[in-house]
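Here the structure is laid out as structure tokens; the discussion comes afterwards.
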Amino acid sequence: MDSEVVFIGLGNMGLPMALNLVRSGLGVSGHDLMPASVEKFVAGGGTNNPDLVSAIKAAKTIITMLPASRHVESAYFGDHGILAQASPGALLIDCSTIAPESARKVAATASQKGFTMVDAPVSGGTGGAAAGTLTFMVGGSVAGFDLAKPFFEIMGKAIFHAGESGSGQTVKMCNNMLLGILMIGTSEAIRLGMANGMDPKVLSEVMSKSSGRNWTLEVYNPCPGVMENAPASKDYSGGFGVDLMLKDLGQATENALSTSSSIPLGSLARNLYDIHSKSGAGGLDFSSIFNMLGKAK
Amino acid sequence: MDSEVVFIGLGNMGLPMALNLVRSGLGVSGHDLMPASVEKFVAGGGTNNPDLVSAIKAAKTIITMLPASRHVESAYFGDHGILAQASPGALLIDCSTIAPESARKVAATASQKGFTMVDAPVSGGTGGAAAGTLTFMVGGSVAGFDLAKPFFEIMGKAIFHAGESGSGQTVKMCNNMLLGILMIGTSEAIRLGMANGMDPKVLSEVMSKSSGRNWTLEVYNPCPGVMENAPASKDYSGGFGVDLMLKDLGQATENALSTSSSIPLGSLARNLYDIHSKSGAGGLDFSSIFNMLGKAK
Amino acid sequence: MDSEVVFIGLGNMGLPMALNLVRSGLGVSGHDLMPASVEKFVAGGGTNNPDLVSAIKAAKTIITMLPASRHVESAYFGDHGILAQASPGALLIDCSTIAPESARKVAATASQKGFTMVDAPVSGGTGGAAAGTLTFMVGGSVAGFDLAKPFFEIMGKAIFHAGESGSGQTVKMCNNMLLGILMIGTSEAIRLGMANGMDPKVLSEVMSKSSGRNWTLEVYNPCPGVMENAPASKDYSGGFGVDLMLKDLGQATENALSTSSSIPLGSLARNLYDIHSKSGAGGLDFSSIFNMLGKAK
Amino acid sequence: MDSEVVFIGLGNMGLPMALNLVRSGLGVSGHDLMPASVEKFVAGGGTNNPDLVSAIKAAKTIITMLPASRHVESAYFGDHGILAQASPGALLIDCSTIAPESARKVAATASQKGFTMVDAPVSGGTGGAAAGTLTFMVGGSVAGFDLAKPFFEIMGKAIFHAGESGSGQTVKMCNNMLLGILMIGTSEAIRLGMANGMDPKVLSEVMSKSSGRNWTLEVYNPCPGVMENAPASKDYSGGFGVDLMLKDLGQATENALSTSSSIPLGSLARNLYDIHSKSGAGGLDFSSIFNMLGKAK
């Protein structure tokens, strides 16, 4: 019996996302280059059609969750690619985080071939993927958004229609660049206050109610001890890693070059996370940039 | 008849603040080096004891609202200064925005002389001063805070006790440095999105609900047309001027030097506002930094 | 009669370079997509074989001078490309300024096909191209460098062997990034001195003999009036344009992303030139960044 | 018998400077708050008049070499200060590195009292102080410069007259800010080249002959192994320490605030050295910033 959904890319994010689709009752054929990932998917209740091409041909919906632009382009283009093999009318959903230019290119070709396609990068990390509480930022037509929305509602909680194809990627890119800046700016402000004898908790509370208010102050404080459940209070473990932030800021920088945009703070943030990563902190949560601004112990 | 309150500094902020105290029924003697300011205060119902020293001697509460550290130190220190002339037990409230070091110095001397003193810089601008909706960030003892609070409740809405003497200044300095960073970061993110074809309004909405959320996105969007009432939609008039932000970032920079703090984004923000000001934008609202990141028309 | 040399790309730089080869007595067939450029080349004494492919087949040496990586890759690769058509043993010289990665890729394929190839980007501007005083930074084998050197000696004055294929591009990229930084740093230092009442000429002279010494201080002072012949003293006309520096810094930034390098000052320089360009200064000499740091008149 | 010269401040720099004056045959009375420093000076052949005030009264020339603006102001001002005690006609030479504003203030008062005074900060480090090869950057009248020059010729090699009072400090401040920028820019360029496979030695040589040329490339290469005698090749020992550079950049930053100057690269450099210092590198040579841009081992 054919699966309604083909899910390609069963990594740290893709596997729990695909399993949530399975648990909701959908027939999902999961695919990955790593056999171990496929095994985990099958162990979790999913199926795997060993013949990917025939699985693609048979699917009504194809979801991809891949590491970077080149993997997505390689999956969609070419003689054996999704755009060459999928059935007319199939819905194509790319949840990978890739360059907006790349998303626009794939979507344009899909559209020429008559497919409905949306780009739908996520945020929320592996925790959100497992819990089904991801945020989806979606680019594509209103019709495409409406068709894809039921899937997002299974895998996530907040779902935004950002505009035309590529807009999902653009929003995520802009948001994450801004997030990287917020985290360093907040760290600088708290460090400066502490250097003047302030209690970081009181300082954070007052700024949270003032014009310095931002997401990192409110839910992700970078100073150890201020928020019990923030990565900062757990030796900067868990959360969103420095190297992931660095990758996102790299993508924003690349995009700024190709669109002739000025991003002075974004560029500096990218370089600061890069220096931080090179010091050995690449695997820590990105709020550990707070450490770089203080004395080494 | 003696006034209960002496208010020194009737500038753009001090005048409406002092008048709010008058309207609440307090007896207030207002003082300023500029006779025109004193005249306005008297025209608004206030009184003026031409002999400042005897006014200070007679007052139960002395409030200062002066431009910079040197004016505050000059008002409090010296043979004719407040600390030399005020009656034992007088409550001293400095609402000026000055360096934390300076606030700590004045408060320490006040304390040695037996006075209760708080530093209480405000935010909210001239609009908030007139409407009595200022935010007060207060440094000093709990007892001092409790004594001064009734006055803040007349002039403002949000009142925070930030900690020991100088903490009011520290919180304001940290908050405003962070605000300056948030504004540039948000401007960069919106510009980058627009360069990729995004609608700035949709982009702002989605980021406001995501991890890029911050005060400037929510209530003070720098892109013209996104928020009807933001300065950006009124040719960057009103609001908080570029040169005021520049002054606050200068103070944060100076403090970072004296406390050996690292503020890479804060320093860059100060230099960007400085370049922006030099281009002729010093009198515009600080959200006009959005313009610097786009093509001149 | 066949030309010994095929020269592809007769733009602002390529045309005078190719004409210098002609004047030295070499038989040169010049090619460009713009007929007007070819006409100028022929008017200057050059020849043009209307059949580019047969010209390539017949040439002993092929020199390319094209705008960007994609043009170079397109000229060398493909069924009608240089690598497919050139005679065995032909010497290939690419004088374009392109990404080191791209240069390495073209050179690797050339090498597999048995060609000797060097990448040899130049500096010295259109003036140096006309006068035959360009600097060549050359990547490739020692043997390749020795073969290509006689051509460089006709077109230029300083010729450096930088290392293996791609090294010419790498050296130019690194040098120009550093140059962009030197110019802003020098401008900041002179502005700071002037703000303290210093004569910029005296300040420049002393720093030129001290540890602040650098190429921009010595031969290209950004302050008007300090050096009679510098672009700064000619309303920032001539020289090396802001947008060309911006392009080079963009290339360095892109390379830093792909090689995981930290370039905090280089990235900031790129953004400052971008802001400067957006203000309308893109066509001025890059030393006009000095203006951005001072008050608009 | 009275000494012709009083030398105040026998620290790491002052002691060898004063001893060079002694060796030249001058009668020098040396003074310092630390008795151990005075003992070393006397052991080296100098004298010490235990009564500083009478020594000052008797001296024809008074030289100061103190740590910071406040020490200099304290030495010159006040009832027991140099300006109150020195004989009419005494020549005053301040070799300390202090804020230009402070130098201008002391010199203005000295001038009002009829003294000839020059500010003459040095560069060249403790090695240059011992060898008598310091560079002097001198502010003051031409007459004052001519009077002081013979002393500088004993203690140093390169002597520059920078302009009016304070100019010596301004030149040093600007030069050292630029030096701090050159070092980071050069480190970024070499790191970027190495990430592309370049030999740092070849890259440095070519850039030294190109427009990237600067003092750090030519005589102080930050990459270990490129120059045998540079601090980089000696585990970044000796030379000019990170914390000294940080202090100089702090002074430039402070001056930029008081003169409303834009120093975007200078400010970023200050923050990068600060971060580097906090990581534990404060005592290393400032070229060790090269390490911060590479992977920790």
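Side notes on the structure shown:
Order of writing sets the labels: A, B, C and D. Residues in every chain begin at 1.
In this text, a contact is a pair of C-beta atoms (placed from the backbone, for glycine too) under 8 Å apart; a residue touches a chain by one contact, two chains touch by 3 or more.
Worth saying up front: this structure is predicted, and the values here are computed from it rather than measured.
If you take chain A and chain B together, the chains in touch with both are C, D. Across the two interfaces under comparison, B-D and C-D, the one joined by more C-beta contacts turns out to be C-D. In this assembly, C is the chain whose CA centroid lies farthest from the centroid of chain B. If you average the CA atoms of chain C and of chain D, the two centres end up 39 Å from each other.
Inter-chain spacing, taken between the CA centroids of chain A and chain D, is 51 Å.
Contacts with at least two other chains are made by residues 260-264, 268, 272, 275, 278, 292-293 of chain B.
Those residues of chain A that touch chain C in the complex are listed here as 250, 253-254, 257, 260-264, 267-268, 270-272, 274-275, 278. Residue ranges of chain D in contact with chain A, taken from their complex: 268, 275, 278-280, 292-296.
Across the interface of their complex, chain D is touched by residues 100, 123, 135, 137, 158, 160, 162-164, 166-167, 170-171, 173-179, 181-182, 184-186, 188-193, 195-199, 202-203, 205-207, 209-216, 218, 220, 252, 255-256, 259-266, 268-269, 272, 292-293 of chain C.
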